[in-house]
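Below you'll find the structure I mean.
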Amino acid sequence: MSLLKITNLVQRFGGLTAVSGYQADIKEGSLNGLIGPNGAGKTTIFNLISGFYVPTEGTIEFDGTLINGKKPHEVTALGIGRTFQNIRLWHDMTVLDNIRLSQHYHLQYSLAGALFRSKQYYKREREIKEEALKLLDIFGLKKEADEFPKNLPYGVQRRVEIARALSVQPKLLLLDEPAAGLSSADVKELIDHIKWIHKNFDITILMIEHQMQVIMNLCEDIKVLDFGKTIAEGSPEEIQKNPQVIKAYLGDEGDIYA
Amino acid sequence: MFTSFFQNIINALQWGSFYSMIALGYCLVYGVLRLINFAHGDIFMVAAYLGFIFITFLFKYIFVGGGVSGWLILAITLPVVMFFTSVLGVFIERVAYRPLREKGAHRLYVVITALMVGLILENGNLALFGASSRKFPAIIHRSVISFSGVHITNLKVLVIIAAFVTFAFLQAIVNKTKIGMAMRAISYDKFAIPLMGIPVNKVIVFTFILGSSLAAVAGVLFGMSYPVLNPYMGMIIGWKAFIAAVVGGIGDIKGAFLGGFLLGFIEILIVSFFSSNLKDLISFLILLIILVIKPTGFYGVAKSTKI
Amino acid sequence: MDKIRQNLFIYSVGVLFIIILVLAAAGVIDLYIQTVIMFIGVNIIFASSLSIVNGYMGEFSCGHAGFMAVGAYVSSVLSVTLFTANKLTGAPLLPPSLSVVLFPVVILIGGIVAAIAGLLVAVPSFKTRDDYLAIITIAVNFIIVTLINNMAVVGGSRGFMGMKKVLYAMKDVVPFPYILFWVMTFAILTVFIIRRFVSSVYGKGIIAIKQDEVAAEIMSINTNRMKLVAFMFSSGLAGISGGLFAHVIGYVNPGSFSILKSTEALVMVYMAGMGSLGGSVISAILFTILLELLRPFQILKWVIIPLLLILLMQFRPEGLMGDKELPDFFPKLKKYYKFK
């Protein structure tokens, strides 16, 4: 069954066409990759899906609802979690708060409830905290719960950000270059980690990544973007052999694992 | 109808000139430091008082007999006032703003400090000179040129010319000279610039000298045009000029200049068509609406948040 | 026993509250001291309400006095026309003795109208941030003040008075320091409620906006709604402080809500440190007392205070308390203080 269906997506910024005619049909439970040289329009596609831009043309359908034109928080509430290329945690708030705040979409108590401390307020705050701690425990971050993200090592920050994206209980997880800035040992760990998330959280993943090792190890289906256009798609093996991809990505000669 | 229309345009040009000159000072400092220098309006006020003091001094001790050309007095007064105002501006920067910058204080704390400096200037002045208004000595004999009912005084022409000259001068400095390039560079990237060997603090001091000198010119001319001085005159004009600068697009000299004139025109038109009581209300409403529709002003560039 | 210790802080606030009231009712503390205490209360509400927007949400609102003016005028006009003989309606619209019950309601209505006026800033804040929003707040302050200046019905620039008569009407029923009681009650409630707001997951949304608005939006926080809530909450509380201020003084004029008043609020919030509620309270107390102590210096007071502040910032560029609360400095205090 298709979870995310994008037809003929076009995004123009003034004279620049960042994305032209992007199509996607992402099956539930699949693990998809989006690759391409810098400036190919990958992050723009993420921003379109998560609602930061309103597409110039085309439709984005998620889980049977049309989501283009919706605000980011509405899109998130529908079940799309996301991480960023540069880690965007709330750095002056504890890790626990980072996870807890992502429950804003289903707080189930009102402003008055918060000010006058209704019964529902106590119940929900307790539940939210328990859920958050449980999630942190699963991610092995329980002892970092009261730390500020800015004081944590980079790799741990990445893990917190992924945990935060998962805390909105998404059906679709968008990972924007999760391996950027990680050491090769961390990258190996990340690959296992994403595999594990994919299996345990029963989730669909769409990721942008520059490191071929990650993409080729994880993704079942890969799309290659260049100058906003999709130039190839298929399984890792097909992509590796595709001469157009090699040309766009690496110039005329070269090994894709370089 | 026709004559009153032209009369209004002349008046608006003169009134707008003051706003523009002050707005330019705000704009310079903001452009380089991203600091709303709330003390700038009060520096303008101090300049007017300095002009008043110096001219009174001249009349009392130097040109006792009188009979000296008013233009000569102005020619002596302006540089002296510009010098002392610049000293004040640089002093404030050295004593109040720079230490905070170097300690890495939050940007807003510097803004609050600027507010406090403004308060000190206003109330210090009030304590020194008392609450009664001072009369700026008339140095230039007012001559009126009138044709078909429109009156243009030589002072009005002088003010308008001064505004345009200072604007052209600033444009040239910022766009054509090396130090102007350094100023623009600092506004782009505060952290990389010292690495390029640009003496940041020197450039900032230069910016304050420029801004204060501008305030000095505006202050003396204002004193000559509207000879009643009081310690709070700078505050209201200053805040208004700053809003005008933002409407023009702060950080851009052209924008601040146009914004000042825009506010001048709006105010004069409101006064001539409605009543002077409604001047502030309507002009601020118009500025507010402009800002809501175009938040970065006419020439300002939206700083897009990168996602 | 444990329970008593944990609530010791709240109990001591309550005891202090009662002691002040009893002493005032018995006439032990004179009217001047009472007025100072009331100014402290008003300033606590004024400063801590600004700290919602400037401290926790990280915007730079510098026109807070405008909302104070709205609250002051609305509640003053209401209370004067409702409970006293006046120029606008002649005889009081309600029996003056009702003022005892309805006084807080009148103050609250002032707050609600001020909260609605807060929309003037809240709506632009959806699109604008930082200095541009700061300018909008300044413009709004000017607009509100000049609007009142042009409203002959409420006295224009001459001001509006008659609020003392409302206090007398209340005292005619049962003699009691009502206004002192209400100022202290509203001040305590304000701090209490703001504390609850920013410690709930809901309210922490505004802290998330301060730290990273894009991340807040993507993590399902409706940033526009949170901004609306924060601005309206903040200006509503400012309106309440204005209503109380007007009744303490007994006279309001547009000049008392100029940018200078907004500056006072800024001074209190930034002297405290951004994002410290306890700091706002402490600096509101210190600031009011300082103002009173320096009264003999007359106008020089407004040279000395800014000088002190500039000095303070040279030594503590993050304000008195930064973004910390009292128990962060004295961990022992936590024993006496349990927050639900």
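Letters A, B and C mark the chains in the order given here, with residues in each chain numbered from 1 onward.
We adopt the following convention: contacts are C-beta pairs under 8 Å (C-beta built on N, C-alpha and C of every residue); 3 or more make two chains touch, one makes a residue touch a chain.
Since this is a predicted model, take the numbers as computed values, not measurements.
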* Asked: In terms of Cα-based centroids, which chain occupies the most central position?
  -> C
* If you take the mean of the Cα atoms for each chain, which one ends up farthest from chain B? -> A
* To do: Starting from the mean Cα coordinates of chain A and chain C, work out the distance between those two points in Å.
  => 43
* Structure fact -> Cα centre of chain B to Cα centre of chain C, whole Å, reads 34
* Structure fact -> The distance between the C-alpha centres of chain A and chain B, rounded to whole Å, is 50
* Specify, in ascending order, the residues of chain B that touch 2 or more different other chains. => 307
* Asked: Out of chain A, which residues touch more than one other chain, so two or more?
  -> 52, 84
* Asked: In chain C, what residues contact two or more other chains?
  -> 214
* Structure fact -> As the complex stands, chain C meets chain A at residues 193, 196-197, 200-205, 207-208, 211-212, 214-223, 229, 323, 340
* To do: Could you please specify the touching residues of chain C with respect to chain B in the complex?
  => 54, 60, 123-124, 127-128, 131-132, 134-136, 138-140, 142-143, 146-147, 149-150, 213-214, 259, 263, 266-267, 270, 274, 299-303, 305-307, 309-310, 313-314, 317-319
* Structure fact -> Within their complex, chain A touches chain C through residues 50, 52, 71-73, 76-77, 82, 84, 88-93, 97, 100-105, 107, 109, 111, 114-115, 117, 121, 125, 128, 164, 168
* Structure fact -> Residue set of chain B touching chain C in the complex reads 30, 34, 36, 96, 99-100, 103-106, 108-109, 111-113, 115-117, 119-120, 122-124, 126-127, 235, 239, 242-243, 246, 250, 277-278, 280-281, 284-285, 287-288, 291-292, 295-296, 305, 307
